[in-house]
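Both complexes below contain chain A, partnered by chain B and then by chain C.
Moving on, here comes the complex of A and B:
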């Protein structure tokens, strides 16, 4: 099949795969070594690291796991918005359902992990189907507002008094005991590697999807839905496919959050959490997938370090950083890198204009 | 005569929003011919194409393809009945490569493989550019790609909207040659502002003015009729 098409654009052999993904593979390698490097700098012996003794390495493993979870969540949103062009303001619902379902099934029903993950994936599909009811009728910002509405209903339900025994109302779901082999305290190093593998498995699956014929139609829909229709595609099914895949991935990211964090707070199902993921992919570079990874890491590390250094003032500084990023890297970190068009000078001009109110000569 | 007609547009009326754009347009396209829709800017030529395609469904009148009424059907169903559309303004997918742009137009697997030779003989440039993303192509190359994309599946009818718009003269020549070769394979409804281009390609014409089809006939007769050209086509 490949050699008969006008030009074999697919990368088939292993060496091509390595060449095409060099940056990612090096990143995986470095992240794989990270706990050991941190332990080395901290003077912690390997045996103590493997026993999950507390220390700098263990602390940063925790931070990295949070980034992995956010990265999976951001990847799912990038598939929806960056690839298919569907703006949803209800994406946090997928994450929230994944987390709460995991917590509730573990704590109140005593299910084991595998059936829970299956259930979470099914829940992701079901929610995608709920969103898809309005899909053929509304577009753009209207779709965004409908999804926001549906997600807010879930956000309110999860905090309701009636469900307090299951979901813990506004305080959140506490006392979930994850399976012993995945305990984030006693087996954090294992959790770290599982998280690392999960991120990149999801990354490569989504990359494969984007490069598939179905993925190409999704890109076409983002660019111009009428044109895709005129080629004979019923765009609804393609949008639904993207919504479902994105929903499953986001719900599984939520499940990981449910396993990792000691308290599952209702905040993760709120619109703030949708805005957060939007920020991540805007910072990283929308529609690039790599951008979702970079954006998630930037987002979490920025808030971690700025909070550490500036405490309460960090929110203001984070806001400033976002403004600077938009000015200087309008296509996000990865997007700007790919275009090789650093708008540094234009950014300065805009900034000076904003402060002085005067137009600068460029 | 009747069974020789591929597409018959019968007195259609189309609204876009609240505006009554088409107020009675009739077009008849015989099999294997090129028919040109003429008329000034805003006369309703593109809207006629969109009405045929179901992007702007007509509220009145019929669109009959091969004896079957298709008005009111969904756009993708109409497209799948064998109508290819080349929209104006170089309507390619910029984030897909040239190869992907062609591949996405397949209706069944292997379409591209079958048409590859034809496409590359019409547009040899595309072979060289096959791996480039659409956004890196020049305006003319994008227009070539847009036409090539409509050739990938087996289409009974091609609707081509302003193919020469904004092209350099040498590219217009190439585009005309391509459309001429196309008409051997398929029937073409051509919207064209450039009368010289249209008159060299099409056998017959339909003039649209203010949403009405006002005149139709053989292209040779129109070319010999400067008064009609002046009245309906030249800048008022």
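Moving on, here comes the complex of A and C:
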């Protein structure tokens, strides 16, 4: 796993960073300007936007914050499934733990935000350790089943009568008042920028992790675990590291959800929420961190528009999209893009070829 | 003796685990013995709890056995299994409560199937016609559009006498309530509105034939060479005869619609229940064939994608069921053999039971429900033996067992694995649907039925061993018994030494305990109790 290329100097690596991440940096810039652009189109004055007055821009800021939260959550799952190759069906538990801990600590115990975030991160590690009890023993499908079972227990416990004062049973946790400087209603624009920063900080941390020697071993485990073991790596520790990092990130995403959404529903801890994140990274492309971002955005926007247009039937359509993706586009948006190096023109030529059966000249 | 000792030595962990489980079971039984009662009545709670455990285990087993055989043979984790269990329950309810709807719906379904039976004929005809490759790629798309237009116009117009989820008077909830009270009010059958029946039926038949041609066109345009497979002698005539039979069946059902549904309404609910089981199994198996041949077959080599695909199918089936039958929960009445409450009930002996058709029977002073506890258990055992005989004594079972051991070798021996896969998949899924109907009178019908069962089933299979048939039975038994014992202890409480109050495990602890047991067993025996060592 040694890096054979000559190590670049500091200056070079800095400019390389800008060159290599040009797309991402432009996206950050555009997203940073997005509230202002939307306000401009809506004819809302800047002062009103900064005062968080209701309007189209504020509504779409809310949607974007949801996308940011989902993107962090999808990034954490991509690290687990796409990079390390661990199929876990209990990932929603991490998200749920983060959200519920934040809500309960704010509402019932009155903690301030920073200790809560620390607690949430610790909770993510603890949950990862619970998963890791079975990690060295079971592999593949059985690991998926065990994690599904553990997460299902959490889902059931969170809805139980005994915890009704804290977690609110089936209805969900209501009446959480986030700290004033982060209130999603009166300070939404601030929340938006914090969310934006959080997504890309997490993105660059995870990218750094994947490029590190530890990350390389994780990829090796995904490709062939026996071989990684034979090379002398104790794969358990690497899988545990990925699981912990993923757990912390997912729990923090959950904490953001707990701060942002007015009701924390138990549904976010159910297996459906794991399947939703699976769909997100499948849409974007498994194993590509960019894919998790794009997949989360596509998923949320798609379900938003579909619900607007079709109402109750939207779930069926999302299911159909899911099946069609698995059948015809298994590498997702980013994966297909990277795999074939599609140029737009080439895509048209292929499309015409597919219909006519004739080889076109490029 | 020597073999016993050596087998003990080889599988030390297994035997110790089994011993521990038996000790836990014995302790659980001992705690339920009522020390204050007299004679046989002491064991009242024990018997009831064990019977309930057996019946819960039977339902889990009906679903788990199919799942484990499918997984063993094809390495397909069919996450839609729970959803098909649910479909079985809902279809069974419809047959038992609203047979006229089923009769109505059978005609268009039969007509739609009939068109696809002609695919071999079209295949031969298309091969004879020489057209340019460009056109041969284009026309199936035109066919698809035409098919969608015809069917999309006609199918919504087809009159199916059914219910309306929106209004309570004619909602499934109300029909279920009326049926449980023993009332039968036959609704007016609906007729074709706006178009003549001849155009409607003929149009659907035409649409299904068009669909068959379209599918053939797509398959043919994807085939690398024009050669294809040579038809077997008589195959064409056979498919033509099949087409005529199925289409005629559909038309006859349309003509004799009212007499048939009136006859079904006059049937005793026991006979109707048997019909319901048959229809549900047929629906499940049909869905199985559809899912296997269109969705799983193209990608079944990549297991993770199949897993995700079946998850998607699961979500779609649940949503479709919710849109047809509505989200509110309702019940299914028990067949009349198990519903008697009048004179002579609860029965004192099995002779009385058969004579008065009681809904409950008194065993050792406790009342046991005949349907929930006894019938389901007996049926579970019957299916256990039947599937075991199928696996051990038939050619199909032999191939399946060989395929579980080494599917590459079976392929190499020249067996048509694809057909075996389809058969096994539809059989396994059909068993799940059967479990759905049989479980429905005791569990009620909700759209979350499948999910909760899927979890239980996966836990049972992980305990027993994923690909092993005895493992599925053992796991289902363990999960069922454990659940019912915990529920019972939740009612009477556990006396823990040195603690004043009795500890009462609350209902959420039931699934939690089974999962805990699964995790412990997987830690000791990663391949499950009866699984093969990798």
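By definition in this document, the second predicted complex is superposed on the first by the 322 of 362 C-alpha atoms of A that agree within 3 Å, B and C clash if a C-alpha of one lies under 4 Å from a C-alpha of the other, contacts with A are read in each partner's own complex, and residues count from 1 in each chain.
To be clear about the criterion, a contact is a pair of C-beta atoms (placed from the backbone, for glycine too) under 8 Å apart; a residue touches a chain by one contact, two chains touch by 3 or more.
Keep in mind it's a predicted model, so treat the numbers as computed, not measured.
A.B. asks: Does the superposition put A:93 against chain B (first), chain C (second), both, or neither?
C.D. replies: It touches nothing on chain B or chain C.
A.B. asks: Give one of first, second, both or neither to describe whether A:281 is in contact with chain B, with chain C, with both, or with none.
C.D. replies: neither
A.B. asks: Looking at the overlay, does A:146 come into contact with chain B only (first), chain C only (second), both, or neither?
C.D. replies: Second partner only.
A.B. asks: Which partner does A:327 contact after superposing on A: first (chain B), second (chain C), both, neither?
C.D. replies: Second partner only, chain C.
A.B. asks: Between chain B and chain C, pick out the one touching the greater number of residues of chain A.
C.D. replies: C
A.B. asks: Once chain A of both complexes is superposed, is A:104 in touch with chain B (first), chain C (second), both, or neither?
C.D. replies: It touches nothing on chain B or chain C.
A.B. asks: Now for A:226: first (chain B), second (chain C), both, or neither, which partner does it touch?
C.D. replies: After superposing on A, A:226 lies in contact with chain B but is clear of chain C.
A.B. asks: For A:315, decide between first (touching chain B), second (touching chain C), both and neither.
C.D. replies: Only chain C; A:315 stays clear of chain B.
A.B. asks: Which stretch or stretches of chain A touch chain B in the complex?
C.D. replies: For chain A paired with chain B, touching residues are 4-7, 9, 213, 216-217, 219-220, 222-224, 226-235, 287.
A.B. asks: Quick check on the complex: what are the chain C residues that touch chain A?
C.D. replies: Where chain C meets chain A, its residues are 77, 133-134, 136-138, 141, 295, 298-299, 302-305, 307-309, 311-313, 315-316, 319-320, 323, 451, 455, 458-459, 461-462, 466, 506-508, 511-512, 515-516, 518-519, 522-523, 526.
A.B. asks: Provide the residue numbers of chain A that touch chain C in the complex, in ascending order.
C.D. replies: Per the touch definition, chain A meets chain C at residues 87, 133-134, 137-138, 141-142, 144-146, 148-150, 152-153, 156-157, 159-162, 271-272, 275, 278-279, 282, 312-313, 315-316, 318-320, 322-323, 326-327, 330, 354-358.
A.B. asks: Looking at the complex, which residues from chain B come into contact with chain A?
C.D. replies: These residues of chain B touch chain A: 53, 55, 74-76, 79-80, 85, 87, 91, 93-97, 99-100, 102-105, 107, 112-113, 116, 120, 127, 130-131, 149, 153.
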